[in-house]
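What follows is subunit A paired twice: with subunit B in the first complex and subunit C in the second.
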Partner chain A sequence: MSATDLLNLLIAALLLAGVYAVMSVGMTIIYGVMKIVNLAHAGFLMLGAYFVYELYTHLGIDPLLGVLLSFPVFFLIGMAVHRILVRRIPISDQPSLTSLLLLFGLWLVLQNLGYLVWGNSDRAILTPRTLDVLEIGPIGFPTVRLVVFGVALAALAGLEFVLHKTWFGRAVRALMQNNDAGRIVGVNVDRTARVAFGVGIAFAGVAGGLLAMLYSFSPDFGGPFLLRAFVIIVLGGLESFAGVAIGSLILALVETFGILALPANYQPAIAFSLLVVALVVLPGGVAGLWNRRRRLA
Partner chain B sequence: MEQKAPSGMRRVRNRGVLGFALLLAILVVLPLFGLSPNAVRLLFVTFVWVTVSIAWNILGGFGGQVSFGFAVFYGLGAYAAALAVNRGLPTIVALLLSAGVAVLASLLIGLPTFRLRGPYFAIATIGVSESVRVLMTNVSMTGGASGYRILETGPFRQLDHFYISLALAVVALAASVEVRRSRFGLALIAIREDEDAASDLGVNPFRTKLLAHALAAALTGAAGGVYAQYAAFIHPQGVFAFSIGVAILLMPIIGGVGTIWGPVVGGVVYGLIHDELVASFPQLHLLIYGSLLILIVLFEPAGLYGLLDRWFRALAGARRIRAAVP
Partner chain C sequence: MGNGPKHNLRKWNFPCASPLLLLILTLVLPGCGKGHKAGTNEVAVGVVLPITGREAKPGQFQREGIELAIHEINQNGGIFIRELDKRLPVKEVFYDDGSDQAKSAGLVERAMTSDGVVAVLGGYSTALGEAESVMPDRYETPWITTGAAASTIFSRGYQYIFGTLSPTDLLGYTTAEFLGSLVDHGKLKKGLKLALALENTDHGVDYGKGIDKWIEEHPGYFAVAFNEKFDLGSTDFSGLLQKVKNARADIFLADAHLQDYITMQRQYMQTGMYHQMISYGARGPESDARKALGDATNYIFAGIWWSAKLPYPQVKRFAADYQASVGRPPDSWYPATAYEAMRALATAIEQAGSLNKTAIRDHLREVELRDSLLPGQVLRFGQNGQIHTPFVIVENKPNDQVDIVYPPDAATGEAIAPKPR
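Right, the complex of A and B next:
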């Protein structure tokens, strides 16, 4: 294998990591603020993909614009879901059985609504630039992947800004660190949770749209990505945004270079194996390792 | 520790045992009165589902550990039994092998994931389920994706299968009752309610969960083995399907999670209506189950059994009031 191939794979992994981060960050917000593992994330990823697809095929709206539009739409959907369903289950500082099952039920409903509306054939979004490649020297950058990576970075930067510069962001971070203390200093838990849920779902929708530009999809689309998102947030230590970035990069690297060692058939098993390794070796995620070393020093 | 139950309670329990014995007797003699093969098949399938529903409830209901991956045990049990039968081993040995293989798998899954609490186990089970299905579609010894056939040597006797499945369901129910009564069951419930407190009281959460997982896996694996011997043809998309894992989780929850009879009710309802539902609404049936799950989680966490129980109590109460006020 030549150095160029290696570089190509490295770049492919980096570009993939961007989408993975957008996909996982919504799950982290929801988990952090509410300690809910949002299994319905998979359903919203799928809906995000079809949202962009429908806008493109029926209204001729460019998928990029579609992704931008999906943010507010899914934000509102997320707030509504919180209002109607999630708010009814008791708040706890431990992930509860009830919330897991509730959102799993929602995933089932969304997925099968998908089957009802779109059938089970695979769809793909093909635009004139789908097959474009930007050549810089010996290295080829598929344009779509570059664009997707750009949008992903912009979304993450926006989130970073909101989390650190606004009242809502501070409230979110406070609740993530300590729910009770957050309440004591006057954070409106219900409203913050509702908005956080909306943001989480909005990121799921955006990620779905971005993934739809890269892969073909069916109503079953979300499942494998749900597992990946979970692996990423476990690697990142569950509640850290920096951890999400690291986790995405690790998973993307392992998956991309895994192709060299494993037949493509076994690809779905990679994410799971990584999860087991992470659980056994790094219970606190990569960040936990970092903290432990700092404590020892 | 012997505790004397009030005489009224003992009477209720005796009546329950009596009712169960009666039900069992009816089920044993029922097929002898010219039940159609299709009705026998429906009952057979129902017993298989009741078994796995009870099994899931031991870990998920008593212990509070939600698993989406019981299809792994069901499928491994099915394949183990099929391989054993084709090598000429008797049914009982084949079923023991099914259970054994499933127990091994449960340890492999549980050892890393039970070390941590919270949602790790639940999500990991989704991953295991997918990975094992992918693996089995690529294993050439069992025919990979095209499936595996049991070569039948004797005539097909449906009633044998019927009684085996009934016996397995009774074993599962007995195991569930025994667990619920034992120290081990109390430890499981304590872990579900508060793992820290349980641990302070001397319960080893890791070992208890692992044991419950193994027991549930053994029953589920055996159920898979029973099914495989009846169907005589199995394939990874069938027995390892994610939807099987979902069904195994839905039954006890719809029936009434964490109780003895709830999973039985769930299994019976699912076994009897599932085929009809799939036939009439091929696209909609999971939608219906999903909505049902949401409704049960929000409004009736005790499930159908809890609902029935409440209705019966209300009826009995109304009768008592009417009797008191003539």
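Right, the complex of A and C next:
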């Protein structure tokens, strides 16, 4: 294989990592603040895909603009879901069976609502840039993947800014580090959790819209991505945004390059072997390793 | 202040009840069928198909085909049952398996044991069909799969299973045969290299076997330069396509479900690869794929079990009736094989003259529809219960045109080969 081929594959892996990161970060926010594993994440990915699709096909709104619009809409949906369902889950510093069941049930409800509203056809968004490739010398950048990567990076940068430069962000980080200490210093846990849940769902909506630009989708869309999101957040450390970025990169690189040495049908096995390895060797994920080294230094 | 669970009764009740309620509603409602115990005033036929979940669309099309056949049978007075000396209408007992294997097998069992059906139709796709196929012999009830073709289903010696799809290895075989005919006509050169990327299912395995068999029987035509399987529902095919590229093959043959076909073909186009011919097995002409891929579907060829363009009068009639029944033309082969399964069953019941399930099974073995919609126009079940009608090869052409290009006696257009760059 030529160096150009390897470089093309590396770019493909990086672009895939961007997609993986944006689809995982919403789960991380929610887990970090509320210790809830959002099993309904895949349902919101699916809704995000249909939201952008509907705006594009019925109102002619560009999918990119649709993705931007999905953020506030899904933020409000997330706040509503929190108010109606999630806030009733007993507060705990460990994921509870109740929360798992509730959100799994919500996922199934969303899926069946999807079937009621959109039927069972496979939909896809086809724009003039869907199949375009930006060629720089011998390297080809699939335009739509590049755009998705750019939006994903911008979304993550925006989140990083909010987390470090705003009161809400500091409150979120405080609760992620130590819930009790956060309360003592005056963080309004209920309000912060509600907004964090809204932001997490908003990221799921954005990710769904971005995925819709790459893949065809139907109401059962999202399952394979949810499983990968688990791998990523376990790899990265359950409560670390930098860890999510690193976890996404590791998974994308291993998946893409792993099948050069192994048959392609081992791709899921590669991903889930990584999950097992992370749970056994790096229970705190990459972020845990990083923190341990910092403490030792 | 602790973070443990708050012992507030009002708050505890809802979280405990709501997930359970949601689960019960979502798990139970889709599976609700119109189950009933049949009397002798009707011929109850079980239909188990996915109309929700991953396989919902083809499942829905198949259901429509069966219901059209039932409607026509009932309009003609039903099925004459000799031993009762009267005509009985056909009553459909439908269950949605939600594209779930375990549920699918359970629902077939339920239809066979609780609903008094004389036979069950269903089993789209291979995975669901395999799950269902263990039930018919256990309950001595005929089962006709309308959408599963893998050899594993029909090679176990079961006595009560039938299928209206030709085997998938014949699809692979016909695909290679079509390419061979292009070599014979001088459109392709001899000795071209093939790259095979096959889904990791029995369907994919059988497809590959069919291609290998033809190549073995016709040495010198083609050589397989790359052969690898991939998992269903993959999120990325970059690595696999890079391997295909490295193989420097002349022809790219994949076997994929619709979602994987769309994802893989998008990435294929983005790599800038070129092959003289491209196929995704039985996928290609679907309207959903055309909407998702646009011109990127042009010149892709597919082997399919049936086409509405087949030049038989009964096919024209069926296409018109189907359009009148559901308000759209048949998009692919799905409704036709299901329609034929119901017609074959009705014929066998009438020939048996009885609602005895073993008698119906015996007559299914002998049934012969000489006005079949399927290629070749004759439907009869082979010794293993599966039909062996030929496949037709269709090729997508610009402006949403799809032509049958093989076999020559059914062709509606000429194959364009090699495909333009």
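By our rule, the second predicted complex is superposed on the first by the 279 of 297 C-alpha atoms of A that agree within 3 Å, B and C clash if a C-alpha of one lies under 4 Å from a C-alpha of the other, contacts with A are read in each partner's own complex, and residues count from 1 in each chain.
By our rule, a contact is a pair of C-beta atoms (placed from the backbone, for glycine too) under 8 Å apart; a residue touches a chain by one contact, two chains touch by 3 or more.
These numbers come from a predicted model, not from an experiment.
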item: Fit-or-clash call for subunit B and subunit C when the two complexes are aligned on subunit A; value: clash
item: Most subunit A residues touched (candidates subunit B, subunit C); value: C
item: Partner chain in contact with A:F225 - subunit B first, subunit C second, else both or neither; value: second
item: Which superposed partner A:L108 touches (first subunit B, second subunit C, both, neither); value: both
item: Which of subunit B and subunit C A:P95 touches, first, second, both or neither; value: first
item: Subunit B versus subunit C as contact partner of A:F168, first or second or both or neither; value: neither
item: Partner chain(s) touched by A:F272 [first = subunit B, second = subunit C, both, neither]; value: first
item: Partner chain in contact with A:L85 - subunit B first, subunit C second, else both or neither; value: both
item: Touching partner for A:W118 - first (subunit B), second (subunit C), both, neither; value: neither
item: Clashing subunit C stretch [against subunit B; choices 60-68, 78-86 or 132-140]; value: 132-140
item: Common ground on subunit A, meaning residues reached by subunit C in one complex and by subunit B in the other; value: 85, 88-89, 98, 101-102, 104-106, 108-109, 111-112, 115, 223-224, 265, 268
item: Partner subunit A, residues of subunit B touching it in the complex; value: 64, 66, 68, 112-113, 115-120, 122-124, 126-128, 130-131, 134-135, 137-138, 242, 246, 253, 283-284, 286-287, 289-294, 297-298, 301
item: Partner subunit A, residues of subunit C touching it in the complex; value: 1-6, 11-12, 14-16, 18-23, 25-27, 29-30, 51-54, 56-57, 60, 99, 197, 200, 228-231, 233-240, 242-243, 245-246, 258-259, 262-263, 266-267, 269-272, 288, 291-294, 296
item: Interfacial residue positions of subunit A with respect to subunit C in the complex; value: 1, 5, 8-9, 12-13, 16, 85, 88-93, 96, 98-99, 101-102, 104-106, 108-109, 111-112, 115, 119-124, 126, 130-131, 133, 140, 142, 145, 179-180, 183, 214-216, 218, 220, 223-225, 228, 252, 255-260, 263-265, 267-268
item: Residues on subunit A engaged by subunit B in the complex (per definition of touch); value: 37, 85, 88-89, 94-95, 97-98, 100-102, 104-109, 111-113, 115-116, 223-224, 226-227, 230-231, 234, 265-266, 268-269, 271-273, 275-276, 279-280, 283
